[in-house]
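Letters are used for the chains, namely A, B, C and D, taken in the order the chains are written, and counting of residues starts over at 1 for each.
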Amino acid sequence: MKSLSCKDLQELVDLVRREALPRLGEGRVADYIPELAKVDPNKLGIAVATVEGDLITSGDVEEPFSIQSISKLFTLTLALGKVGDELWERVGREPSGTSFNSIVQLEHERGIPRNPFINAGAIVVCDVVLAGHQPREAIGHVLQFVRFLADDETVLIDPAVARSETEHGYRNRALANYMRAFGNLLHPVDLALGLYFHQCAIAMNCRQLARACLFLANGGRIPAANASVVSRLRARRINALMLTCGQYDASGDFAFRVGLPSKSGVGGGIVAIVPGFASIAVWSPTLTPEGNSLVGTQVLEQLAVRAGWSVF
Amino acid sequence: MKSLSCKDLQELVDLVRREALPRLGEGRVADYIPELAKVDPNKLGIAVATVEGDLITSGDVEEPFSIQSISKLFTLTLALGKVGDELWERVGREPSGTSFNSIVQLEHERGIPRNPFINAGAIVVCDVVLAGHQPREAIGHVLQFVRFLADDETVLIDPAVARSETEHGYRNRALANYMRAFGNLLHPVDLALGLYFHQCAIAMNCRQLARACLFLANGGRIPAANASVVSRLRARRINALMLTCGQYDASGDFAFRVGLPSKSGVGGGIVAIVPGFASIAVWSPTLTPEGNSLVGTQVLEQLAVRAGWSVF
Amino acid sequence: MKSLSCKDLQELVDLVRREALPRLGEGRVADYIPELAKVDPNKLGIAVATVEGDLITSGDVEEPFSIQSISKLFTLTLALGKVGDELWERVGREPSGTSFNSIVQLEHERGIPRNPFINAGAIVVCDVVLAGHQPREAIGHVLQFVRFLADDETVLIDPAVARSETEHGYRNRALANYMRAFGNLLHPVDLALGLYFHQCAIAMNCRQLARACLFLANGGRIPAANASVVSRLRARRINALMLTCGQYDASGDFAFRVGLPSKSGVGGGIVAIVPGFASIAVWSPTLTPEGNSLVGTQVLEQLAVRAGWSVF
Amino acid sequence: MKSLSCKDLQELVDLVRREALPRLGEGRVADYIPELAKVDPNKLGIAVATVEGDLITSGDVEEPFSIQSISKLFTLTLALGKVGDELWERVGREPSGTSFNSIVQLEHERGIPRNPFINAGAIVVCDVVLAGHQPREAIGHVLQFVRFLADDETVLIDPAVARSETEHGYRNRALANYMRAFGNLLHPVDLALGLYFHQCAIAMNCRQLARACLFLANGGRIPAANASVVSRLRARRINALMLTCGQYDASGDFAFRVGLPSKSGVGGGIVAIVPGFASIAVWSPTLTPEGNSLVGTQVLEQLAVRAGWSVF
């Protein structure tokens, strides 16, 4: 992989964004909760934060959006900090081969979710992060962690989205009760879900998100603060999980086309990591059938191929 | 990732091998065909071929073994050369979420195998490679290609293994007939299986195997011959498929622990790619429940972690 | 089918019971809730109520036990009375091919349970019976109906069992939330489950149970009261559902061996119908792996074969 | 159940047939093999053979059609005669919960088909009937048995259908190979399939079919010949299997609506048994999505309800 100058990178990012504009609006915005269905489908933002401290942006990078499943990255990092590899006794590390909210696998594998990025796995991660606290405290803790990573105190949880998630979260409630039946939730179902629904409602913009994930491109350290978030080995392992499981049942396709570890959310955001170089956040709300940003995926493919960025 | 001197690498390889010796014999040798069940379970070989032309070896690296599913790499490369991205209309690029010989997924997804490394996918790849020829010709073509990659005319197909595969290949015959029922095999079932059973019976040693896969670590080119096998983009994409699907339903775990693209075979061989640096072949016949070399996986994990080799 | 004299029937019932005594205690008592695990495994009661008004009993026929899933018969009858064949838009009529609390089928068939006797189906039936009322009222209504059928005002709900079901009902809660996600529950999940958990906790003895189901053997009418509960056609159809789905994933085996419509419960009770002749209730608490009374099934097989009772 | 006079029955049969005429052609003729796709969709025949020796017919009762899966009844009877209850070690007795040619269940239950009426189960039954003979001999034996039951030497196997089955039988070949992989076929796959494909190609008319199945309505005996085919218990058990599994994944629905043991074939034939009274054969070629005769099912429902014929 090669390093690009800031100027070249800015030109590339602008070009890739321009080329993608005609496809804005293709696909459908997430509509499983009313709050998400309201989003303007024609948004597109790209932010690249480099390990050298540069920030290249293009388009709608200042507008906060619901990061949804991208938040699973942050709670996973916290859970690993709390219990380390013991986490893997309760969550697997394999791609699921099914959609993000499938319950079939849980029955076949006795309540152990396949990985921490499908909904069931993320709910177990929330159960670990709770660690006996009330959801309110745990949510505060998660939010504080995200603000620290983004170096931005303005990151918020959207209360309308959190409420909407809670009201319509029947499938997640089914997953949580099901795992509880197998003893794989230690807290009452409503507490683990309380944290889960609120983390999904965190609102961030592309700029904040690229910054918040930069430690994964930099061996576990925040370059600006020279602070260690996780060890180099753990950063690599989180990247490995992102590559194999970060895009639900389109992870193989994303690895094939883009070749970078990534995590998507049904709010239309995607974070991708270029190890040793940069963290990229893109946002465009319309989705593929698998639930990943349609234009965001294309933008990342173009950017990665032209910049020569691929872990392979 | 960093480059190691030949001397340091030799010491590391020897050390890792010595440390693994006590675990030799753990797990079970593949026994689904009698020929494989005869192998001495206490073998261990490691060969590292670098893009700079060095070859570091340790242990049983001269003894040929049945490469089995590792051969799927070679026929995939040939098939992509023949039909390019049209291949993906007949085979997916997603991890399967099930075991290597599962037929369940084929029913749910109407005869389209999830990826080219599960058995069903590799049979479709064989169907593409056949391209109207008789199995004998196609097998000759595949063998010639492997010899070219390994720069070694002594690579052979083990006729006893090929016969044994043919005699006991009922599950593969089920997969092939099933896909044919959905129109996803163009040749008669026996022809596609003829090629498939014979490619699985290719016998190679670690040295040959490491060399034969070096092009994947070198942007698609064979360094010694300065010959291009595939484009840089295609090499990356094959590596991506190896990372997400190369170890069957343990691919996520391997990516997490080792962090390198790889392909395993039930003969106990594993090939791993360090992009830009090296191709590694290890061989130890006993297997994990998922069908991957038990000691081989451990050796690769130790080697990768201590050498600092990881794509992440 | 032939009619037996009271005396012959009494002798047969006593004989069958005596022969079964040595096997009492084989298998395991249901232990998914603590209350059920406390039951003495060595109980065995047999009661036969004939359409001519006779009652033949043997063994522990006066001791109430938790009827559990047998209660699904009564709520199904009530639900059909309320909405008739519209019920079948929300519940199927096919054997499930899986265990009684499986959630897999619900995902594959979009929230429509396969039949009214698996847990998911019975929860939908409860949702229908609720009809806008509070669980307390609906439970009262169901209890009143059962007392009317049994002609016995002493039938009760065991509050300890109901509480235990509610506390440990995570899988049922998962099923209910899952169906609600597909819009197949109209009431809040907790209301439908409230009725469900309480109906399962109805306690009856063999004598009461045989009487309460006699209408199904008598073309829908209670012989003693000469009162119509359901039409002849509906009685036949309920019997048909019992035969194909009444013993969960052992229904085919039960039909083969016993040849009578039946419904089992994990409390160890089974009701079987001899159309035109009699209703039989047996109780023995230890279960087969499929969740049906082990000795109870054997008793019914012996009784049916020797009496020449079979619908076939 | 009540007995009808011949005259009343003839009138009822004619009436039911007349009422069904407007729906002829609804649904689609089986087209998985070209030979079946050629059939005139507007055919309708009804034949009722009574245990008293009467034969009531209406419509196209003299035209032979491909009995397809109805033949599974005859080979099942033969297999039970050969090995008795040992058959059940290799085939289950439960409804499948999936379509007739599903392979998913076989993987989950390690090569043991759920019942003898799904394709996989019938192939195992053929393997039992073969008993070391060549398919040609076994086919001759089956044909002879059917002619004996029908008391008609003109029953034939349609060679064009048999050839067509053999040429297009990829899914059945997949099932057979799959079971062979689990050791649940003792003969070579092609031999078991040879018998299977030929039994499916037996051509009979409604009259012959009603007669051939009359022993199942008569306690295992052929009334005219006063010959025993199977014991009363076995006749009941075959009827039980027909009721729970005879209509594939619509068996529950058929039991609910018609209430009689039955077996359908994709050629559009259905046989239904009225124990103690009659055997009914109907034929109309267009099918429901589950693969059962659409008009045939309706005719049987009307006939059963109006005649008061139901085992329940």
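Quick note on the criterion: a residue touches a chain if its C-beta (ideal position, glycine included) is under 8 Å from a C-beta of that chain, and two chains touch if they have at least 3 such contacts.
Not measured: the values here are computed from a predicted model.
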| item | value |
| --- | --- |
| Where subunit C and subunit D overlap in contact partners, by chain label | none |
| Label of the chain whose CA centroid is most distant from the centroid of subunit C | B |
| Distance between the centres, which are taken as Cα means, of subunit C and subunit B, whole angstrom | 55 |
| Rounded Å distance between subunit A and subunit B, as computed from the means of their C-alpha atoms | 32 |
| Whole-Å separation of chain centres (CA-atom averages), subunit A against subunit C | 48 |
| Junction residues of subunit A - those touching two or more other chains | none |
| Touching chain combinations (by label order) | A-B, A-C, B-D, C-D |
| Subunit D-touching residues of subunit B, taken from the complex the two chains share | 102-104, 106-108, 170-171, 173-178, 180-181, 189 |
| Partner subunit D, residues of subunit C touching it in the complex | 92-98, 105, 114-115, 233, 235-237, 239-241, 243-245, 249-253, 255-256, 259, 261, 275, 305, 310-312 |
